[in-house]
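Listed after this line are the structures, all set down as structure tokens.
You will see two complexes here that share chain A, one where it goes with chain B and one where it goes with chain C.
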Partner chain A sequence: MTFNVRLDLLRGSAIGLLAALALASCSGPATNGQAAASKSVAAVAAEPVSSGAEPRLRLITRDQYLNTLAYVFGADVRPDVEFAPLERVDGLLRLGTSRAGVNDTQLELYQKTAQNVAASVIEPQRRNFVISCKPKNEKAADRACAEQVLSRIGRLMFRQPLPKDKLATLVEHASASADKLEDFYAGLAVAIEEILVSPKAMLIAETAEPDPKKPGSMRLDAYSLASRLSYYLWDAAPDEALLKAAETGEIMTDRGRAKIVDMMIASPRLKDGMRAFFDDMFDFEKMNTLSKDALVYPAFTGLTAEDAREQTLRTVVDHLITKKGDYRDLYTSRTTFLSPPLAALYQLPTVKGWTEYQFPENSPRSGLLTHISFLSAHSHPGRSSPTLRGKALRELLLCQPVPRPPANVDFSALENPKAEQKTQRDRVTFHLENPVCAGCHRITDPIGLAMENFDGSGRYRTTERGATIDASGNLDGKQFTNVVGLAAALHDHPGLTSCLVKRAYAYGTGSQTTNDDAEMLKFLNARFGAAGYRVPDLLRTIALSSSFAEFKLEAPAKDEAKTASAVPATE
Partner chain B sequence: MKTLKSTQVSAFALSAALALMSGMGAAHAQMAEGALGVQNRSIGYVMTFENRSIYQAKDAKTQCPVALNDGPPEQFKKLYPDKGERTVEGTRLAWEGELWNPTSKELNVPYYEVQGKVGRGMNLDGKDDANDYVSPDTGEKGIDNQVYRAVGCTFNYRDGQTSTLTPQWRRATYNIFVVELTEVDSLQNDDDVIVTTYRGKDRLITDATGNEYLPGGSQTLDTRWGKRYIQSFKGKIKDGVLTTEAKDLIMPAASIYAPRDGAPDIIYRDMRFQLNLTDTQANGLMGGYADVWTWYYHSHKTRDSRHQAYGGTAGPTLYRALMKNADAYPDKNGQNTAISTALDVKFVHVFVKHPDAQVAGVVGTSQTAEGKTTDTRSRE
Partner chain C sequence: MYDFNRRRVLRGMLGGGAVTVGLPLLNVFLNGNGNAMADGRPMPVRFGTWYWALGIAKAAFVPGKTGATYDFKPEMEALKPVKDHFNVLTNFTAFRDNAPNLCHFSGWVINRTGAAPMTSGNIPGETVDVTIASQIGRTTRYKMLTASADGNARDTFSYDNPTTPNASEVSGLKFYTRLFGADFQDPNAPSFTPSPKVMVRKSAISGVLDDVKDLNKVVGADDKARLDQYFTGLRHLEKQFDQQLTKPEPIAACKKPGALKEDTKVGSDVSIIASRHKILTDLMVMAVACDQTRVFNMSYGGSSATRPGFEKPSHTATHEEPWDTAVDYQQTCSWFTRRAMENWAYYVKSFADFKEGEGSLLDNCFIMANSDHGLARIHALDGMALFTAGKAGGRVKSGLHIDGGATAATRLGYTAMRIMGLDIPAWGAKSNNTSKEIGEFLV
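Coming up: the complex of A and B.
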């Protein structure tokens, strides 16, 4: 396991250390095998054999933490906090959560956050919502009431029932503090803080058990499966219903798991999950720090960047989840959402608040590529960039890595262009003329140049320095004259859907895909296509697949994978 | 109809323009992206800057040879010297009484008015009288701006940073001031346009520096609670300059404190516009006769004595100066009740949304940040 959390650094408080030790003592037995035989969920009739996804130890993300707090304590408990940046692995920050580390500074941040949340939870106006019992005396300890409250909070934050000894420890801390402070609620806050800062809350530790139905295979245990599903589909810890299903074992049955997954996909919380997934896949983290030269693009502000990100996420969720649309149509759809600051950059009329907006049929805006988010994020602070835009399209949307430029590359031709080189096309032409550059730029620039009708802030333009912009280009042999043509070409590109499948699968399992997953991805692609490229169907297929919850200790033999069926299931 | 430059005409822009001309859609044709300017024979602007038109010579001594005026603390000391028996009623309350209920009783404190003949503004009455000014920019004679005479030697009104109509206040307050030009065939020359004033309801959009305002924002008009601000003026455009007829106008209070303290609107008599128009902005003057009482009352409701003291504005003497220089609309006793003035104003382009009108492209519901939806089409 590549996780390098230094538990020895969790020494901020004695309570934290106790919690850390408790975690260490129960997160180990992930790979003890035992034979079993039987088929898994019904959905895998045609699923090929794969190595599956091993259990992981992952650091909780900021949004996962906040979404969980919102469920446990109410939506208004939302501390203003930023967690340390994660490493992007194979196109996803989510995969970097299992390579993260925790240093003293981060630990202090976690503790302060926990402290603030605990303090806010016991505020008189909130305590009736979170604290389900009344102490006999508000100025003294009440063990029964404390136990009732802490068992619920601990169960939700740890994603499994609290062991009796742990609960007893928490109650003891709450009671001792209450007596000392002469305040039941203040004492309770101490124990709540202890839960919130515990490694069991901040780290998502998956554990496995031998699969009784498949000899030689392992599977996630019930609570780990509940967590994996919940973080995948809701970007939050499991709720009461999921924990109940784990507690009763329902989630480990084919029918029970299908019922749970269907419930989760039908839930409004799926939107949170999909926002998190696409935010990750589109590399929107960079929108947090995106800025433009105020002299060149005065209309682009920090608020614009924030709203541009929101515009795309709203569009994605509306199209894929609310309207259950074809994923490919996201790249040609003229339906989107606008806010007043964003509309000012588009120079379009709008109304107060976020509103659904339909670009006219003759508009140059067609799909996500023409959103300000994509156009501005993949440009320079003071100019557009066909190369960055083309590279982003390849890497983010088609899962095609583009090599980094050589260290000794000479950018002077771009940064100090000749006077006659008025457009970006004029300036980047030398890329394709220089054999050293052409290898990579041939796969990026012809795509990016199609987006040149939008400047570095994403605003529409037809000319650059007085010269008419030529936005023609090609994508893997498909020619077009402008970005609308590029959008259509991308819509029909087979890599578009297979990339989403790859990302969705890796995101769900928390594991980087390898060659061993080829057949599984092929199967998922076939299912995705058969379902009309509806993302909820893809999520369901992945969530119900054997490989989502099971894994082999050794990779399957090649012959085994080859003989597995890739025909879409017809359940 | 806006004419697209030939170099900007692309297949898209051309088709958009054609669609526009054909009048597609029931309400307004959906405009081409980035095409600010006249659409459907109308264009909107929102005020981003407003200040008294106070000409300042390079050397203040030219206009105010003795001194700038005292503020409240200095006047208070002179009016109520520290000798003899002092009571609250006879000092502080007396001062406040004069501030909020000014009388014509003579005050034994100096007050300085602007000297000289140079001043900015507009010739409101078409005459060149003894009290009128000459424009330092164009040499135009007959400039009527007695507010300038009355307050031009008061620091608050000189540099525009702390004056009553501080520009930022108009931007920040909910009392957004919008003008819509309709029946416009050209922003260069048009003999017959209509200018209608409104209160807007939406915040202005700033640029990356936070100091400038962007054209291309949207403003929903307040036609329910802001009815009193709706006034139409006939106008004409010549060589890109809009001038209008003179009519009475109520300006919504410009103050960040207005919602809390209930600052009054200012009533302007015979107000008229003189604006240089472009697709993205409208800058120039508004001129008319300010009702003395609402002008004065607005001044003190938006800034109390403490704030007025920052810029040397003492209410009791200010009121007397305004009344002394008032030059129009006499009451039954012959006392003029309005005073000539001009405002330096700047506007940027906005898309104007009438409450019942559908905005082209907007599907019809507005969502809060949390995703809740509200109907925006029939909210009025």
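Coming up: the complex of A and C.
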């Protein structure tokens, strides 16, 4: 077990020292390579040898499914469907896809969805988009036309060409169904359903082959590499161009792979991929069920939560992808986007639809921490929570798991606010004075208190119950007086960028990072820093790295694969 | 293969050696008393669960007396009208042995799986409802149904295995469509015509089964188990298609409910949770009555429930509300528990009021209910309260308060499995292992 915080930044601070000790005593595995970010490219020019990421059998996510349907059948084919929840592993739902099972209920859901999609595809107004041929007789089978259509759909949904026998089976089913139903299109729909409900569509089975350049090593085969790249960067199955590159073998050459990756990063579809990644990393799934007490926060509705999530994702994509900005600046940037419901909550004049907005320099709104999404998601329904906000910052943005409270903790002294306890600071002081609580709450509360100028719905305030709010605090030794100072401290925190690197690498490879990946993460951190913390450059480095597509046959030590689970702290 | 008659089946049940064979419920074939099929087969007995969060406060909940003439404390007040239909079991323990006390997790996991989890999120095995559904749920359209009034599909207490939760239905509209939408076969419809579309759909499944076999050649051992599960799911689809192609037997009690006009509301206010609970319960009752499933799970939840104008949700209140020494419990927390019990009362009453044969639907059900803790304030795993509801086709009596004497809470899950016909000598791990039924309520 190692530290998650750079001790050199904690020196000279009693709080910082306590925080470090607390993390040392109760945190999970280290944020690999966190202290290693260096801007010297020369020192890290070569990718270190690593164990790489093995092939996985991953369950397709709902968004991957929908993005793929949009490419294959058109953007308006978007069924209203929710897949079963995934387990969050080491901070990412994406890693849970390698473990998730599929039971009767899910199969039933897949089948119903497939049925709806297929019915939609053959509707007269849509069929011209997908069905590139006309049957000789619409009331009977047409094997040639069915084969033409099904080979394309099957290839895209299975992420590789259909074997001849499989295609023949599909055509047979389509034809027999067409004859029985006396409808070519209805018969075709049955075969499309068959494709969509197949495990070859719903499960991403990566396969490997011996690496001819490195005896003893394995590498993903061409189609598996195409899939891994595509789900990483686009959150969708490979398109025609990628499959073509796999088919020709171009993707397996260094030059060819670089060309493909550059094309993918330049594509507008990168935005889909990055929205999915940050939605996962920021744990925005909880926005689906976020609600507030209508008596306390009447302006906060379900629509507010939806728009708050969208605001942050738009800001992220605009800053990182469109403007190619420094990742750290996301946490201090005053540029964002507003919708009408959000403008009301931000106490700003109304806007027409989604509008880019710049908070003034003297505004307390500075960066993602001051977005309604972060502030409201990590609060209680009826009040703010310094502990939940501090915990979220640690776990989501710095990759530092906060231990759960002991089950036998004595809460007797932590009771309803007393008359003299007007602010959250007054109330959580108990946490910091009680030795049982202090160990972990010193990690969270001094950060969270800096966000107290925002209530549980994210609305700005200067007082609480008539008392002026003191929003001062510190982040691992860096003192500040308000949330703008916290944002600046977070901007400069080494854990911010190394956490992103860790998450991006695990997300791309589909594998939980272990101590075996320490050198690789150190390398990626250095490259990220040298590139000015531009996320597209980080994505490119990861996508072109050897460890992204190759792996050694030796398995890493089992004890290093264990990671503490992130669990909610109580306040 | 088996020559079932009522006497033999009941004898088998009592001995724990036989499993009821699921058959469609056909009132026109009931015997003279309306409590069994005309040929002697018993009415199908269904199994259900119910869950509420954050336990109970002993002083406000636990009756002073045991047996049939117990007294009602404030937290159980709402249950008075349905007293004859349930049993309340108090003073049970979920043993964690050397496992940590994972707050709001260990308790329900032990109750439902028989074993203490070692880490948060780790489910040691399948839950009791899944075990029972594997026995009695294979002949119905749905092996089991799961719903949550909390509004979050993640709020489920049903797992096929550690990585496969049975996601909860949270939307009334979607649940209605799933149950009574276009694919619902009204058993009382005057005519029946097998759908040719379903016929061709069923034949196409064979191709998908072959895809599973193909994939099996390229994955490792762990993933083969996942593919096996996929294969089983496809078989289930085939069975559903078969059922759609078979004329259903009439079921007098089954009446397709009218379409919902609007979806369940989003929110955590107790009144909103109660409204969702009502909608989902009403649909669940009709699903059971129409023999769409014989295993059903409902969660009221309530850990994130809010009270209008009260700044803390229920869970936070358990930790931060002062202990009222005058009454020996936390007032607001108790207020939340009372709301949960109102919903439990609604659940029980809904099944009890539904006529089936000469009795009620509840007479042919066995429902177990549990929470995550005893006293949630200190995350207690002792002093846990449990409930049963229903008479399980005559195998169970109700209206009792039973003191568990600090014995294993897993005794309820074990008893449930025995009642439902599983021939198992014991259930549970380490101190939770039990072979002792809760005999007080068995006939």
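We take it that the second predicted complex is superposed on the first by the 501 of 571 C-alpha atoms of A that agree within 3 Å, B and C clash if a C-alpha of one lies under 4 Å from a C-alpha of the other, contacts with A are read in each partner's own complex, and residues count from 1 in each chain.
By definition in this document, contacts are C-beta pairs under 8 Å (C-beta built on N, C-alpha and C of every residue); 3 or more make two chains touch, one makes a residue touch a chain.
Nothing here was measured: the structure is a model prediction, and the numbers come from that model.
Because the two structures share chain A, they can be overlaid on it, and in that overlay chain B and chain C fit beside each other without clashing. The partner of chain A that touches more of its residues, comparing chain B with chain C, is C.
Residue contacts after overlaying the shared chain place A:A176 against chain C, while chain B stays out of touching range.
Residue contacts after overlaying the shared chain place A:K352 against chain B, while chain C stays out of touching range.
With both structures placed on the common chain, the touch criterion links A:T105 to chain C but leaves chain B unconnected.
Contacts of A:F300 after superposition: chain B is touched, whereas chain C is not reached.
By the document's definition of touching, neither partner reaches A:Q125: not chain B, not chain C.
By the touch criterion defined above, A:T463 lies against chain B but remains apart from chain C after alignment on the C-alpha atoms of chain A.
Superposing the two structures on chain A brings chain B to within 9 Å of chain C, judged by their nearest Cα atoms.
On chain A, the surface patch touched by chain B in one complex and by chain C in the other comprises residues 294.
The part of chain C that touches chain A in the complex is made up of residues 100-103, 119-121, 142-144, 146, 151-154, 160-161, 163-167, 178, 196-197, 199-201, 203-205, 207-208, 210-212, 214-215, 218-219, 223, 225-227, 229-230, 232-234, 236-237, 240, 266-269, 304, 306, 308-313, 315-316, 319-323, 377-379.
The touching residues of chain B, counted against chain A in their complex, run 7-10, 12-13, 15-16, 19, 30-31, 33-36, 201-203, 205-210, 212, 214-218, 220, 351, 353, 359-369, 371, 374, 376.
Residues 57, 82, 84-85, 87-88, 99-108, 111-112, 115, 166, 169-170, 173, 176-177, 180-181, 186-187, 190-191, 193-194, 197-200, 203, 205, 207, 288-289, 291, 293-296, 302, 380-383, 404-405, 407-408, 411-412, 414-416, 565, 567, 570-571 of chain A are the ones touching chain C in the complex.
Contact residues of chain A toward chain B in the complex are 292, 294, 297-301, 314, 335, 337-338, 340-341, 343-360, 362-365, 459-463, 466, 468.
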